[in-house]
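Structure in structure tokens, see below.
Per-chain residue numbering starts at 1, and chain names A, B, C and D are given in the order in which the chains are listed.
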Amino acid sequence: MGSDQLLFVGFGALALLGALAVVAQPNPVYSVIALIVSFFGLSGLYVLLESPFVAVVQIIIYAGAIMVLFLFVVMLLNATREDGSEWDRAHPYYRPGPMRLGAVLAVLFGVQMIWALTRTVGLGVGVGETRPAVESVRDVGRVLFTDYMFAFEVTSILILAAMVGAVVLARRREE
Amino acid sequence: MGTSAFDAVIPVICVTLAGLVVLLAESFRKKQERMPLGGLALIGLIGAVIACVLLWDRNATSFGMVTADNYALFVNLIILTVGILTVVFSQHTVERDGLPAGEYYALLLFAIVGMMLMVQATDLLLVFLALETMSIAVYVLTGIRFNDARGTEAAFKYFLLGAFASAFLLYGIAFLFGVTGTTSLDGIGTVVAAQSMSGNPMILAAIALLIVGFGFKVGVVPFHQWSPDAYEGAPALVTGFMSTGVKAAAMAAFARIFLSSLEPMITDWAPVLWGVAAITMILGTVVGVAQTNLKRMLAYSSIAHAGYLLVGIVAGNEVGKAAILFYLAAYALTNVAGFAIIGLLGTKAAPNDDLRDYAGLWHTHPALAGLMTIVLLSLGGFPPTAGFIAKWYIFSAAVGSGYYWLAIIGFLSSVVSVFFYLRIVVMMFMTERDARPVPLPVAASAMAGLAVTVAAILYLGILPSRVIDLAAASISTVF
Amino acid sequence: MLSLIPLLPFAGFLVNASMGRRLPKAASGGLASAVMVASFLVAVQQVWALAALPAGERALSQTVFTWIASGDFVIDLTFRLDPLSAVMILVITGIGSLIHIYSTAYMHEETGSEFARYFSYLNLFVFFMLLLVLGSNFLVMFVGWEGVGLCSYLLIGFYYTKKAAGDASKKAFIVNRIGDYAFILGTLLALVTFGTLDFQQIAGQVAAMPPEVTFGTFSLITLLLFIGATGKSAQIPLYTWLPDAMEGPTPVSALIHAATMVTAGVYMIGRNAVLFEAAPLTLTIVAVVGALTAIFAGTIAIAQNDIKRVLAYSTVSQLGYMFLAMGVGAFGAGIFHLFTHAFFKALLFLGSGAVIHALHHEQDIRHMGGLKAKLPVTYWTFLIGSIAIAGVPPLAGFFSKDEVLFYTFYNGHQLLWVVGVITSLLTATYMFRLVFLTFHGEYRGPQSAQGAQRAHGAHGAAAEHSGHSEHSVHDAPPAMAVVLILLAIGSAVVGFLGVPHALGGHNQFGEWLHPSFVAPAAHGMAEAASAADEASKIALERLLMAISVLVALAGIALAFGVWVRRPEIADRAAAQFPGVHRLLLNKYYVDEAYDAAVVQPIHRLSQDGLWRAMDVKVVDGAVNAAGQAVGGLSAVLRLVQTGSVRSYAASTFLGAVVILGYFLWR
Amino acid sequence: MIPLSYYLVLSGALFAIGTAGVFLRRNIITLLLSVEIMLNAVNLTFVAFGRQQGVVDGQIITFFVMTVAAAEAAVGLGLVIALFRGRESLNPEAFTALKW
């Protein structure tokens, strides 16, 4: 096992275990932190894929900004545990069914995806064996602001709509 | 008019500017000051309509990922019409219900921007971004009413499920990108056409995931469950807007992707959509029969209509493609008018959206009852309304492609659906109400807008050929 | 000009619907009647112009506009007047005008806004009916077909405060939708098969192909169309709605449920005669269904006690005759019977309306009797109508019914002929039972106001009346009397339009219609029969004619013997054969069976409060498995929408996994 | 070199974990986090494919996806606050007024 494989296994395990920890325990604070851990794993994988800029953005923006926002809301609402078992008891006959079904489906879906991917021809090739990587931030920037210029502009409307929306939804209402 | 790189996005720019102006105006508005924000929105929308008309037949493209072909312009005109009507109907109710006017109109316009771009996009990434822009605006519009538990719940359900489905859609796009090396629709089409892909599990998975994503936005079974709840919880005018605009935009993008880029694989995906269309038509109608809340009833009716629309995609022939466009136009007008009537008759405090609230409407609001009757007849596919021609057209496309059973199921479900449409008519005309409430005043502008819409429904039913020709011509340049 | 015929009633509808509530009754009723008369005059003028053309070329058409056009898929909104539609528009506008005039008097008790609502529906109905018969292609016909169904629904439920009326309209609607569904499928199949929906083009294409011997596309198309016809024209198995439709106002029963709408199915078969002839299998089914319906409804009619129900079953039975004629290929005879039937059945209904009006909404013939002296005009006109329907020469019914029966025999359906003759006996019997019980003998109604209240008076202004003691009975007011007399004259003489060869006539009616039943190319190719054949045919026809006249007279005599001479016979018979009597009285329990098999499942499907009441009422041990299955389905389907967002996500996810699974494992 | 399929399988597993989270957890915030996991799984797929093909598009699409995720998070958290204000609970099962 070369160092590449070792790093892949390490970061992959970090990402997977982090994700598992998000969904496997009930405390939202731990979930947010576990997700940040998972993002570090992903970030490492991006480095392995010779995409350093994505890796940096993943940490700075995603883990650093978005996840902090989540953490902030969790703390704001003081919702550090799953509450409302009373609500579960209120609907005894339909609550567990879809949940168990959903969990089973998730496993099934994972199996399906893996099966589909392993049956696809041509995926066994090592990543980056055939073509050189585009690593430089300059290249990324050039393509982003030429080919994807319009999409970039559209995101400004997207973010504006989200901002207005968040304000409308969350502000205290004076009647 | 000279051509420039920006031509194809001029309609979108009109609407965007209107949205920004509305937002700015709102932020400089003093408390209690009244501003004609709806009028500003209308100016932008009408400007976009004019731009769409001027761009007709010019096949402009911009930035390599936006097109203004006739297909996109046709659907955009439908979306803009929906937008204009919604603004006209909202003028009065926004003030009456105390909604935040600036945010309301701005989000409406941003949603329209998303819808239009979704239709015009020729790149899957842009389709996704536009879809998200539209969705986020619509999620918020769903829950825009102050302190309204039902509205917030509806918005939350719509949002969470929407985000869930978007992830599937995005995953599908990722696989298509992986197989073809591009996200451009033309590029994907070229690769898919060049070699047989039927045995490639990855592209099949991509198709399945795209069906999930679009099926959710269009609201077909089994991805439909958000829609009755969201339609019921949202303010009726927003429901009218999202049940038509979102559906039209998603359907148009769905059809563009599946009938152009993925057309070579039609034998692979047609059976799936066949099944989805069949269940959707049946379930939408059967469950609809049991509803007593009018908005919920119309939600199930919209689900059934999404099934009819899918029939056009499954048919996949020239008639089918044109029929989708015609059906969208007929459906959009009809549904906007239907929800507008519900919205005009109900406030937040007294939603008046139960079947019983319509008892004896003929005595309190004779004109609204008459207009509602035509709307319901159109939804039920009665001649001589737009709904009849649309259904006839789409099922003749199905029969033309040999899908006899789909036509049989479709007609059967439309037969059954008439039960619940007619029950409303019976309520309005043939039932007395013990305690008649004081009739709500209805704004003259809304009344005029409704009359025009219903006239258009009848026009499409009696003299449909011009619009059908237009629809047929606009698909011929694309597919 | 042609488009003016339907547009006039439509204009009347628009005015009455939009501002009728503010008009005085005389204005709204007068306007509705005036547009009808004007429409009738235009129709006469147009038919006159049509008659002036040479026999083979009689067709006027007017394309109003191209309705749907895209590529080679063109459907015009075209009106076409040919001999067949000429007959129909004269019946619709002519009898329609009379019934509008009659209604102005009959409905005078209603409030102004109800009065306007009534006339706006009635005018709208006529508009759609004219669209149905003037349309030159299936789609225009379908617009009319759906439209008349809608108006019929609205008019049956006109007295919506009566629960029975609401139920009846719902039933009519459900049953008609089943038929319409088959009709639109047939239309769609025709479009795919022929590439056009124009009647003449289809006929031209069919004529160029050999008729189908085995079951094929033509048979399927015609069968689907025929199922549509059984719904609209109340044939087995979709006839149950028509008797219930009598909950509507009586003039509506006369116009829609006797003279015009219910004959739409017969007209449709006549309009597509060439297509149906190419599908002999379907024709046989048509004939058998027609004959069975005729005898079946005839037997039910004998035991009914509601005056309008007797007439309703009689209508079903007579429609059976018409389908019998169509089924044996005697299209001319079928339309002829449609034509004469329109007169005498409208007359009978309006006469019964006059009786009901006079007795302040009493409909039970057991509470009538002895009205002959009090209602002379009504009595004599009703009697003429009864003689006409019974088939006694020389009144209208004789000629048309005889022609139907003759062709049934002559075209080789002797068994069906026997059925027809027995039905003819039944017809005479139940009609004269009605006449005798209503107009002869002693008055059996309640003598006090209290009794009348008990008997009826549930709706409208009727309740305000002081009930009908024997003294308050009055004959029809002038507007009604004139209409009755005109229709009686019609019932007496219109038969002479089609005097058969056997009686030295030329059957002008049949010859007038003939071009409508052959493909456009085949015009003028009349059958050349040899003189000897012709002679034996005439001899046979005379023989059969004599038999049917004797049978009709026998039926009248039977009724006279049982219900006038010795009324106790009837009671004794009922006592002796209680089972048979109950079976007939309860209409063979068909309604109940329908309820369990069709209506109930649909009700169970929707479980809201409005319909639940009906559920509880009728659901008993006999609810069949289908109903329960659908009920269970509905319960499950509602449960799926739990309100829990995660279960919705599960549904979406399930869809994803299933579709993915289909792709990967197929 | 690591085969492409490794990355894809890893991202498939991550996506499945994300979907499972929607059903396993009874806290709306964790539900939103689960959706974030799904989006990140897709991002990994994009970057892996992009690297395989030697194009920059995969990375760029990732930025857009992050933008969308941020926007969704903003609206989602706004909704969470509004929901919590109404019912003092973050259990998704508490919001079932609209049904059938």
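FYI, a residue touches a chain if its C-beta (ideal position, glycine included) is under 8 Å from a C-beta of that chain, and two chains touch if they have at least 3 such contacts.
These numbers come from a predicted model, not from an experiment.
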Requested in this report: Spell out the chains that contact subunit A while also contacting subunit C.
Outcome: B, D
Report task. Could you tell me the distance, in whole angstrom, between the mean C-alpha positions of subunit B and subunit C? Result -> 42
Report summary line: Per the C-alpha centroid definition, the whole-Å distance linking subunit C and subunit D comes out as 63
Report summary line: For the pair subunit A and subunit B, the C-alpha centroid-to-centroid distance in angstrom is 31
Report summary line: Distance between the CA centroids of subunit A and subunit D (whole Å) is 5
Query raised in the report: Mind pulling the subunit D residues that touch 2 or more other chains?
Result: 8, 15, 18-19, 22-23, 31-32, 50, 52-53, 55, 57-58, 64, 68, 71-72, 75, 79, 82, 92-93, 95-99
Query raised in the report: Among the residues of subunit B, which are close enough to touch at least two other chains?
Result: 125, 129, 132, 136, 139-140, 143, 147, 152, 155-157, 160, 164, 201, 204-205, 228-229
Requested in this report: For subunit A, write out the residues touching at least two other chains, lowest number first.
Outcome: 91, 95, 98-99, 101-102, 105-106, 109, 112-113, 115-117, 120, 148, 151, 155, 158, 161-162, 165, 167-169
Query raised in the report: Does the chain-touch network form a line, ring, star, complete graph or other?
Result: complete
**Report entry** subunit C to subunit B touching residues, read off their complex
**Finding:** 17, 21, 65-71, 73, 139, 142-143, 146-147, 150, 153-154, 157, 160-161, 166, 173-174, 177-178, 180-181, 184-185, 188-189, 191-192, 602, 605-610, 633-634, 637-638, 640-641, 643, 645, 647-649, 651-652, 654-656, 659-660, 662-664
Query - Touch list for subunit A against partner subunit B, complex - result: 112-113, 115-117, 119-121, 147-151, 154-155, 157-158, 160-162, 164-165, 167-169, 173, 175
Requested in this report: Could you pull out which subunit A residues touch subunit D in their complex?
Outcome: 4-5, 8, 12, 15-16, 19-20, 22-24, 26, 28, 31-32, 35, 38-39, 42, 45-46, 48-51, 53-54, 57-58, 61-62, 65-66, 69-70, 73-74, 76-77, 79, 82-84, 87-88, 90-91, 95, 98-103, 105-107, 109-110, 113-114, 117-118, 120, 123-134, 139-140, 143-144, 148, 151, 155, 158-159, 161-163, 165-170
Requested in this report: Provide the residue numbers of subunit C that touch subunit A in the complex, in ascending order.
Outcome: 639, 642, 644, 646-647, 649-651, 653-654, 656-657, 660-661, 664
Report summary line: So, in the complex, the side of subunit B touching subunit C is made of residues 156-157, 160-161, 164-165, 168, 201, 204-205, 207-209, 211-212, 215-216, 221-223, 225-226, 228-229, 268, 271-272, 276, 283, 286-287, 289-292, 318-319, 322, 355, 366, 370, 382-384, 388-389, 392-393, 395-396, 399-400, 407-408, 411-412, 415-416, 418-420, 422-423, 426, 429-432, 462-465, 468-469, 472
